[in-house]
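To keep things simple, chains are lettered A, B, C and D as they appear, and every chain counts its residues starting from 1.
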Amino acid sequence: MEMFLKTREEYQKEVRAMRKNVWKDGHWIEDLFTEPSTCRMMELNCYKYDMLNDPECQPLMTAKSEFGDYKVARWLTIKHSAEDCMMSSKMKRLIFDNVGTCAASACTGWNAMQTIFAVGYDCDKEYGTHYYERITNWLKKVEKTACKVAGALTDAKGTRLLGGAQIGQQADPDVCVHKVAEDEKGIYVTGAKIMIAHAASAHWLFIVPGYRYNEENKEYAVAFAVPRDAEGVTLIQTDIRDNNIKPESWDDMRFNDHCSWIIFDNCFIPHEHVFQNGEAKYSDAFVTLFTANYRSEIGGCVAGQGDMMIGAAVVMNRANGLPDKVIQDKITDIMMINNMFYGIGLGALLDGWMHECGIWFANPNVGHSNKYWIGKYYAEQCRILQDIGGGIAETGCMPNYTDCTSPEMGPTIMKYIKANPAVSAETRARAVRLCEWLEYGNGFLAFIHGGSSPDGAKMVVRSCYDLEYLAKKACFVAGIDEVPAPVVKGK
Amino acid sequence: MEMFLKTREEYQKEVRAMRKNVWKDGHWIEDLFTEPSTCRMMELNCYKYDMLNDPECQPLMTAKSEFGDYKVARWLTIKHSAEDCMMSSKMKRLIFDNVGTCAASACTGWNAMQTIFAVGYDCDKEYGTHYYERITNWLKKVEKTACKVAGALTDAKGTRLLGGAQIGQQADPDVCVHKVAEDEKGIYVTGAKIMIAHAASAHWLFIVPGYRYNEENKEYAVAFAVPRDAEGVTLIQTDIRDNNIKPESWDDMRFNDHCSWIIFDNCFIPHEHVFQNGEAKYSDAFVTLFTANYRSEIGGCVAGQGDMMIGAAVVMNRANGLPDKVIQDKITDIMMINNMFYGIGLGALLDGWMHECGIWFANPNVGHSNKYWIGKYYAEQCRILQDIGGGIAETGCMPNYTDCTSPEMGPTIMKYIKANPAVSAETRARAVRLCEWLEYGNGFLAFIHGGSSPDGAKMVVRSCYDLEYLAKKACFVAGIDEVPAPVVKGK
Amino acid sequence: MEMFLKTREEYQKEVRAMRKNVWKDGHWIEDLFTEPSTCRMMELNCYKYDMLNDPECQPLMTAKSEFGDYKVARWLTIKHSAEDCMMSSKMKRLIFDNVGTCAASACTGWNAMQTIFAVGYDCDKEYGTHYYERITNWLKKVEKTACKVAGALTDAKGTRLLGGAQIGQQADPDVCVHKVAEDEKGIYVTGAKIMIAHAASAHWLFIVPGYRYNEENKEYAVAFAVPRDAEGVTLIQTDIRDNNIKPESWDDMRFNDHCSWIIFDNCFIPHEHVFQNGEAKYSDAFVTLFTANYRSEIGGCVAGQGDMMIGAAVVMNRANGLPDKVIQDKITDIMMINNMFYGIGLGALLDGWMHECGIWFANPNVGHSNKYWIGKYYAEQCRILQDIGGGIAETGCMPNYTDCTSPEMGPTIMKYIKANPAVSAETRARAVRLCEWLEYGNGFLAFIHGGSSPDGAKMVVRSCYDLEYLAKKACFVAGIDEVPAPVVKGK
Amino acid sequence: MEMFLKTREEYQKEVRAMRKNVWKDGHWIEDLFTEPSTCRMMELNCYKYDMLNDPECQPLMTAKSEFGDYKVARWLTIKHSAEDCMMSSKMKRLIFDNVGTCAASACTGWNAMQTIFAVGYDCDKEYGTHYYERITNWLKKVEKTACKVAGALTDAKGTRLLGGAQIGQQADPDVCVHKVAEDEKGIYVTGAKIMIAHAASAHWLFIVPGYRYNEENKEYAVAFAVPRDAEGVTLIQTDIRDNNIKPESWDDMRFNDHCSWIIFDNCFIPHEHVFQNGEAKYSDAFVTLFTANYRSEIGGCVAGQGDMMIGAAVVMNRANGLPDKVIQDKITDIMMINNMFYGIGLGALLDGWMHECGIWFANPNVGHSNKYWIGKYYAEQCRILQDIGGGIAETGCMPNYTDCTSPEMGPTIMKYIKANPAVSAETRARAVRLCEWLEYGNGFLAFIHGGSSPDGAKMVVRSCYDLEYLAKKACFVAGIDEVPAPVVKGK
């Protein structure tokens, strides 16, 4: 079957042709591929295009087009079944297995698009709008380009005391993205979406509301697609870690995750790319649908990172000079946690439901639980890796690349890094940095709050259980005739 | 669609007509339905027949026949897909939601049958045997009878130091079930299968090997079906709890689980009911296939018991006189654990595989993890319920039914049991016993080792991860050229 | 140094001479030492008197008298230092190590006495009462008798919605023990203290308030000592487990814990035994002081039970036929948990404080944490033991003593219980019952709520941390000039 | 009582007068107080001298001299009782409460000195050496100088397959510190001690063996004191985090921990500072005694860091605009973990023992458990803080100081950081960095392996339990006559 792909060279050319609207360290970044703070992130994206062209990876990286008998990048197709969703989870795990970090613009953007189809469909049915057609047209236009799409839900938010319904009481109206003007060509938006993974490496951004709004503040109920480098869009990169690490240094990994704040300043969006425009009633449907699937499929990501931890543990332990058997029980614990994340996620998908428009969504009760468990157990995987690595991989306590390679002190340092006689000191040094990266540098970062908080997950789960039904069943078993009524305090 | 069901009355009649081969407390049980130690177990089975006849339950309790366009009890059908398996898990959860304990002869027997189809198919292919046809014939014969089938894997085993391959070194050859003779009509077996849930209430027993055997001891490689009351079969009931509790007492619940030791003493099995007869190479395929599915689908059971705990917590807390809000966080924790068990199980099924004969099996890596997590977290649900109930529901520390209802002391005791003015003292007493039952009396019993041990699960999971592959990926990310070789101690 | 002890024979004689005011199973118990439901509890108490007379145990079981240069039973002395308290914890661990269950009337009664000294002292100072002298006189009178003393705080309580301050709103005033009359000889009390460990085997009961009361309901602020068999006192035994197990059966252990509901019906207490009589302001000082020490010293008890679990694990595993190495990691986990309980408790004592009257009390912040961790981890020790024992020790699933020893079926059952050829089937059967007893029958019962609930512990701990102080320190480190003020919702 | 202290100015002057033997980032550090990578560490040490001079802190920061009736810095005194040790733990907690990180040269050096007294005493007794006198003389010399002392146990170690007894088989003899020559003035040592906290800020280094050696390799059995800037000593600083952060930036905290590799190259140690010189039999006594106390007293450190986390949580949550109540349960969990670490540590001290020379040591069984629990639960405190902080404090995902303060983009960024209207954006930014620092930057680093590994702790604990004793007790309770013998595999 014909395939529409993209090479790393094409990708580089496209990104370099974009407007320079990415800021870091006091300047606009001239070339994302060579800037020290972003070069590893961009290499990650290039590598994913390599994978897209790799026949071994293509069964997961590509899928049949929505619109014809050919294949396109999987993240530009629609998921119609639990199996489709599982393939998405597996693709992300494959990417993590290879690059050790976030699947980046093949995840949140895709997932946001999925919700736009469904919410658009419902909206059209009630209001006679044409969002479903618009998003269809957008997809038709881009599916063969293998472009990258970042999705963005999280607003700057202002004080947390005020939610979407009280947005009007915020001191600054811009803390959430909103429409500031409209004309026949399109709308104009202002505000900030923050902590958006891989926005800087994407071609497109999908913006959806992060709160439930109401009629009084319906200008916040906006969803749209916008090119990353559109006028009125500014990206500020955020990671403080890799500022000044030289590209050749082994203190950072081949690849890296990254994150942007996206600032909209009276940014124009043509109507054809607007997918919600004031239909406040449907504003939080994006969040609901997005999070259920996101939290289910993310199992593949976290398990993929766990896979990398297992590999790192094996390498580190051998570099230390010890037999694999020594760490057997500990890596089994990592495996068990891996399988929990991956398993709950797939379980939520199997027990999912089909939206009227033919798109599959996860069971929210089970799906949100996955995020709770990931938030609880991801740190445990890090802890186990730390336990395995020994002090040197735990303590941020190995001399840095500059010193390891300095003519004056380097040889002495490497003499003492050397452990297993059959493994070079450099390999051990790199293994140490890999462990550190996995423990503090990377995934630990976002697995608690990424895609909304554990407390949010708890609320969803609680709402899915029917206490009166369960109380009734319990009474039956215990031979209690009358289910006791809830106690009301103060009565 | 036509349905072939069975009523509780028909079931009672059938069981009462059986040979009296169930022993407890020094005598053969005359009537399982009225004997104090078994009456609650039998009521559980009756109630399941009520559910089979309840139109609200039938979508889960029944399914389309394997052989025609009509419906039969779901546990007498074959699972051909992840969805079929999910329906099995959901049916078990529904049963637990209603009776608070084990799904009993609609689980292990069914699952054993499933493996007999697949193993028989493979065996036939290699050896030209006819097991697939035999089990098909058996199913055709019974599918319309809604009969109950208990499955049995676990042998008495003798010393644990010797596994299946060393069975010949056991002091007593009978510690595992084996063939002692054969003639043209059938085979004769001796030995014991122990700790078999709901064997006494079943119509049929499915016996499969519990170890991997080899050519030297192939007489142990036997699988067969046998009526519960066949000559040469004796059942010994084991629970020490409910010996002497009067049927009307609220110290035990409406229903109860139970367990048997099945003793075979030169028991004759006609060839048509023999599904393995010396094909040692395929002896452990039963275990492998059985446990993967069992440990996946059991998520529904444990979550169902968790559901009952949530209901019990609500009732107990109200009986104590407190608002639901007080226990909100604690029952959310029970819910999260529930969803973990249920979710991992379904996930293993979605990521499963189809056997050549068209039967679906779970992903063993994920499926076995579920057992690990159940074994680890089930006790936590009990602990939370205990925490919620307060001292009276924790301590085995409430006066018993006899004293609560004694004319002399009963009124005084009930005066002090009374808490919430709107709830009777009897309701609170019953709620206490329900909590105790859930904490110690019931599920806690078997969820660690039922269907093989957590250590067994760990071994399977470990074998599913490819360490060299993962080490290679880790090295790539860290820029390590050569994957370090395993360290061999003593070299 | 001279020692004042007591033998088991003397104890038996004393108990048998008491009024028959203990009720169970519909009748007053004639002889606690032979009644099936209480014989094991009484044997436990006898055995403790054996230990008191055992020179090896005397360094822990006895201590120097408060009043002279001789030794008495340690639980009739006063603890003046962290070391004294540690010896108490060690004594309890020794008892648990020997009998596997609760230290019984050498714990709560002693601890209650300790608080009566301190609270009495404070009360006397403010009100000119003479409680300190009264408790001193009481101790002088009994210290040489090695008598047993049970302490009782927990009232029946009625609806939990109403605490001590709202006791007047309870439907039944008797749900907490209170004074109903007073004359020049003494006071008269009515009400119930429930779930009181080892009350039936004690000589004396120490009753202290279980709530903070106020002036409106000061008749509830009563503390006193009363002989177990005084007129107006009735004990109702509660454990439903051991009703009908024959004394010779191995289905129950040599010893057992037990629990009473103590009913006061217009019971007369002479003034000399009254230690609080309406001083409501000091009513909850008993609870506060009692729980801090109780929850610290209990570490020795729970660790002692953990010790017994380790021993049971070793025996069970050997009876199964496996090398000790197989369970090494699992019992190490039990040990770690043991050391946590024991260690936190001792830590709270070391960081304790001396009351003006010269008595030592634990640091409540640390002490209450211990109960939280015990409540959380005790179940984990049970779970590990269950994991070690295998199915037979987990499932309540071994035939009972009657059947194991029946002439007809016994030999067959024992044939299949036999595992390790060097260990008798009876030993394995007994090991199974020991494991079950430890998992469900015994300590699991009371370690969550015994001595007040985990939620109560949380409240105490929270009150011990100064958030503003910590916020200030955090701001200093981060270079924040002004500590943000608390946010008030609705403002 | 007279006090011998030191001011920050005196300390600065002394350190600036030292030889420049500290290397980082390709150069010898000229001034540790102004170098970006070390300025925060040195400020931490200065601040501790401020605390030493602060009357409010002096009760913990100072103690009575060993040699006279005056006070000196507490870390230059000897601990003779559980109370002394508790004061050490409390002093460390106070320091952590104030600076949020490691107590630095008032901990490991002190603890090493403590062991030198005891091991020296034992050695002298057996061999007639004079180590006890030497260390006494050293202490007399320095006690009034309030100097800082870092202790060092951990060698570079080479391949982990070879322990102390096989050190001769290492490819490089220098992987552990050892004597290479000796003359009448002293000894000459070569090798590396790595990952030594706060070595660069200390006046003295205490070096003790990190393994048990034997007669064949007794040249490794060396212990000594050496000035930090002695000839033949080189320190390499290791933390890769703070390389390039400007001193005024809020991206790092006011203080910081740090770590050195100490390289000895034929370094001369005069005999008067040598405390072990070939007495291999006593080489591991340092480790044993050191770790028991270290792991007990560290409870104060980790709890102090937990205190800082609680403070950070409160500040962060208020900066986010939420009421304290929202995080109440979560910070209670941090408190409980705090109390566990602190409590177990103190418990090990209370149950400790006095060495013949009058020095107090912790119970190793309980003390080592503390490290196990710290290694297990420290990450949980970080996780909870991360959960509380929200995405912005979790993801390394806030723009950096340079960008927050850039004239071009700073105002826009700060507009979107602003949350609670009553709290400045800068305060929120600083709170974010404080949370990140606590989660990844600091204590998480060393609490698993610092002072030896969790596996080491397990081995010690295991060796402290007597399995045969416990098995015997278990058998007694279960009525088992004969304790089963251990099963030997292969027999």
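What we mean here is this: a contact is a pair of C-beta atoms (placed from the backbone, for glycine too) under 8 Å apart; a residue touches a chain by one contact, two chains touch by 3 or more.
For clarity, every value in this text was computed on a predicted model and none was experimentally measured.
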| item | value |
| --- | --- |
| Chain at maximum distance from chain C, centres defined as averaged CA atoms | A |
| B-D compared against C-D, more contacting pairs | C-D |
| Chain centre separation (chain C, chain D; CA means) in Å | 39 |
| Distance from chain D to chain B - Cα centre to Cα centre, in angstrom | 52 |
| Computed distance of Cα centres, chain C from chain B, in Å | 37 |
| Junction residues of chain B, two or more chains touched | 161, 321-323, 420, 487, 489 |
| Graph class of chain-chain contacts, one of line, ring, star, complete, other | complete |
| Residues of chain C touching chain B in the complex | 23-26, 154, 156-162, 171-172, 174-175, 192, 194-195, 234, 236-241, 243-244, 251, 259, 261, 263, 320-323, 375-376, 379-380, 382-383, 386-387, 390-392, 394-400, 402-403, 406, 408-409, 412-413, 415-421, 440-441, 444-446, 448-450, 453-455 |
| In the complex with chain A, residue positions of chain B that touch it | 82-83, 86, 97-100, 250, 253-255, 299, 307-308, 310-312, 314-315, 318-319, 321-324, 328, 331-332, 335-336, 339-340, 342-351, 365-366, 369-370, 372-373, 420, 422-423, 427, 430-431, 433-434, 458, 461-462, 465, 467, 469-489 |
| Of chain C, residues touching chain A in the complex | 161, 329, 487, 489 |
